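Shared between the two complexes below is subunit A, which has subunit B as its partner in the first and subunit C in the second.
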Partner chain A sequence: MDETVAEYIRRTVLKMPRDEIKTMLQKWGFLSEAQLQTLNFHQIKDNISQEVVQLCEENSADIKQAAALDIIYNHIYQNKRMWSVYQMKKSGEELEYFDITDFKKKFKRRLRSALKNVTITFKEYEDNAIWIRVAWGTPYKKPNQYKPSYVVYHSQTPYVFISASVLKSNLPLLCQALIVASNYHDIREMELRSHSLNSLKDIVFKRYSQNFQTYTPKPLQGGNVEPENADTRIVQENRSEKERIHKLNQEVFGSGPQPKLEFAQYRLETMFKSDPKLDVLDKKEPFRCLVKFSSPHLLESLKSLAPAGMADAPLSPLLTCIPHKARNYFKIREKKGLYPESFVNP
Partner chain B sequence: EKADPQKTAFLLRKAWTLYSVTPLYGFRRARLRDYARLLGAFIAAEKQKGLAVEVGVELDIKVALSSLAELRGSELDQAALLVQLSSRSRASSRNSEDKPVWLGWFCSVFGDDLSENVPEHFTCLPLFLSHGAESYTSLVGSWFQKTFDCCFRRLAISPLNLSWMVAMWAGCKLDRAASAVELLFSVPRLSQPLDISYAIHPEDAKALWDTVQKTPGEITQEEVDVFMDCLYAHFHRHFKIHLSAAKLVKVSTAVVSAHCDGIVKILHGQYLPGVLMLLTELAISQIQ
Partner chain C sequence: HLATSLPLPSERDHLRPRIDLVVFMIDIKSKYSLKNVETSLAYVDASFFLGKVCFLVTGVGRVNACSIEMNAICKLGETYCSPVLFCELELEGIRVATAQRLVRMLGICAGHIPGVSALSFVSLMRMSDDD
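The block that comes next holds the complex of A and B.
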């Protein structure tokens, strides 16, 4: 077995949490059940990985199998990577039958015609997701297995999710290979990025609960309200405001769980406007700002701002449009003319 | 007094943790070498006791104390006091260079408010800045506290003072490309924490500040409030969020960046006296 393959397998196993190594190796299916039985999973990971490498040696593993193991790891730990979303465009309306073999053949052919040294691995999952792993080399160097790119493609959709390696120069080639293989004619990067691959899918496949305009009757007031003290009226007002905010939030965000995004970024190029009494800046050029919101769960966080008294309800459409516009990177310019208060997103 | 840029270059572009220090009793400038020796012995003894700083690494810590006359506001201020901890690995040769592992300095820049009212035998150096492992800071701090009967306290920077810093230095004229004026807010008490970074192009921030400040060379609380309100209003116009209700945690300008936990980074030597003067003031109000 090639030394570099052995080392790569060893390092891949080391990445795995100890109590998950067995399951991952089983999913991999390269080592027999009998071989797996011989492994002692109660020792330190260093030793476990050495034993795994030895077994792989017995089976003469090559880079193809090693790459397959890497896909399994990254599929389970997909949220460790940053994913970008790309949308492909078809020229016509033809509904073509998707042939996976044809796709793989065309993809490999396109990549290999441009770059001899690449490692390409495919794996299909039950949810119609095709995972592609590409390790990149140069005309003179073997592929770097430690910095591969990952592509996730759902063949029934025009969307591709890419977690590129640092070698950004390979991105155009990757995109080309994708459209050639899938019979599309163009591909563009969407302004949507996140660690949570499933949330990105939720957003572009519209799988999250959206804000349907439904009629919700206002709850009946009165009835069992005990007159407590002179402050009853104040309490009432606060309650109806809380209800108003809650209702607006429901309308905008829907009542189900939000897709999980970690950040949203806005490049503002709008004018600075202020109270003329303040006698401050009155420039004809934009007031340039960069605003970034970050949270472990951004949309849930934004949803809780108005109820917490931190924001007006309804919340700004700049924030609430994130899921249905399927983007979390924005460039905002002033809209001229009719509606000076509204913004345009080019 | 203009500080020699060479001598103060070491202060720039390092993250300093801030403390306020009460006046030192019985401190004598002439005894710096003695103090260095005593502090070195103290650190070695503490390490013997098992309060090891670095496990498994045999390090001898060398202490150097020096005065920096350039770092002060006026003649009324005490010269700054610098404490340097360096290590020489026992394994390496005798001629190997000492590696600096920790740096701390006491200073007072226009700290007359404090030094005016202090009795004899007390030395006022209310501001302490440290850079390096917390464990060393704690050792050095303990020694000074024991030896000079003083008290160290972490210097927190309130949102009010952070906004002063933005206002003071957003309008600075800088020769080379300045970095953005950035304000970092954290929104407390939400189900999921939210951080908001609000960065303004330095030219535009300066343009705004220039129209707010009415008298050059002078800044009033009102002007700082107007400046911040303008920024909050611009933000609210877009996002309908009340930034003023969020917690201002960190500010960055081309001159200095400061975190509410009392950590600053000074980026430009030209404005060093101004920054230190503000920090001295903050330290003094924490002491009093």
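The block that comes next holds the complex of A and C.
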């Protein structure tokens, strides 16, 4: 077995938490159940990984199997990576039957024709997700297995989720291979990024609970605004205001859990508006400013701002449009015309 | 009675008992909360400031999340001649102790403790200033 493969397998096993090594190796299926029984999972990870490498040696593992193990790890720990969303466009309306073998063949052929030294691995999951792992090399060097790119493609949708490696120069090639393999003609990066792959899927597949506008002339009386507050000795003076905020929040955010995003970034290229007498910034240039909101769960915290009394309801549409517009990176420019208000760059 | 700001909604005037103590809660992590308290103070009748108002500053346990300066809070207490209490709501022990203090103060303000009235708070504060 190749030294580099052995080392790669060893390092992959070391990344796994000790109690999960066994299940991951079972999912991998490369080592037999009998072989797994011989492993002692109660020793330190260093020793466990050495034993695993030895067993792999017995089975003559090659880089293909090692890459498959890596996909398994990254599928379970997908939230450790940062994912970007790409949308593909078809030229016509032809509904073509998706053939997975054809897809894989075309993808590999396209990539390999441009770059000989790549390791390409596929794995399909039950939710129609196709995971692709690509390790990149150069015409002169073997692929770097430690910095692969991951692609998740749901064949019935035009969306691709990419966790690129640090080597961004390979991205155009990857995108090209994707559109060729999936019979689309164009691909563009959406301004949507997050660690939570499932949340990104929720947003673009519109799987989160959206609120559909229904006309309610008056707030429903006796609504359970705060079900936890069962103590009748506490009187809420601002009940009607609380109910208004709650209703507005429901309208904007819906009543279900929000997709998990970690930040929203607004790049402002607007004019600085100040008292003309102060004469700040003589040059009428846009005032460049970057505003970034970060949170372990941005949308849930935005949803709790008004009920917590930290912001007025309704919130700015720039914040609330994030899931509907499927973006968390915005460029705000001046609107040219009669009304000097800012508008969001599409 | 809990309110997010003053003035209190007038539609509930008839449902409200006599007010003996007003506690203004300031979250030390939120400048907005201090601003809200400052604007609400304008709606309090002057007679309340004879011992029937107190400031409760919460969130003091999280030292690195403070957004409000101590100076601003102390100045607020001095300007309005009212005591300032500090507490951390996330710790049950402190929460309970603070609640007990407030209930004790409320008892005095409501006139339940013979020999002590709300004015005592004012004179107590004056004395510490002279030190």
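Convention: the second predicted complex is superposed on the first by the 300 of 346 C-alpha atoms of A that agree within 3 Å, B and C clash if a C-alpha of one lies under 4 Å from a C-alpha of the other, contacts with A are read in each partner's own complex, and residues count from 1 in each chain.
To be clear about the criterion, contacts are C-beta pairs under 8 Å (C-beta built on N, C-alpha and C of every residue); 3 or more make two chains touch, one makes a residue touch a chain.
Keep in mind the model is a prediction, meaning the values are calculated, not measured.
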Exercise. Counting touched residues of subunit A, say whether subunit B or subunit C comes out ahead.
Key: B
Quiz item: Does the superposition put A:T138 against subunit B (first), subunit C (second), both, or neither?
Solution: neither
Practice problem: Determine, under the contact definition given at the top, whether A:G309 touches first (subunit B), second (subunit C), both, or neither. | Solution: both
Practice problem: Pick one for A:N128: touches subunit B only (first), subunit C only (second), both, or neither. | Solution: neither
Exercise. Classify the contacts of A:N238 with the two partner chains as first (subunit B alone), second (subunit C alone), both, or neither.
Key: second
Exercise. Mind sorting out which residues of subunit A both subunit B and subunit C touch, each in its own complex?
Key: 309-310
Self-check item: In the complex with subunit A, residue positions of subunit C that touch it
Solution: 1-5, 8-9, 11-12, 15, 30, 32-33, 36
Exercise. Could you pull out which subunit A residues touch subunit B in their complex?
Key: 266, 268, 270, 272-274, 278-283, 286-298, 300-302, 304-305, 308-312, 314-316, 318-319, 332, 341, 343
Self-check item: Of all residues in subunit A, those that touch subunit C in their complex
Solution: 234-238, 240-242, 309-310
Quiz item: Along subunit B, where are the residues that touch subunit A in the complex?
Solution: 180, 187, 189-201, 204, 207-208, 211-212, 226, 230, 233-235, 237-242, 245-246
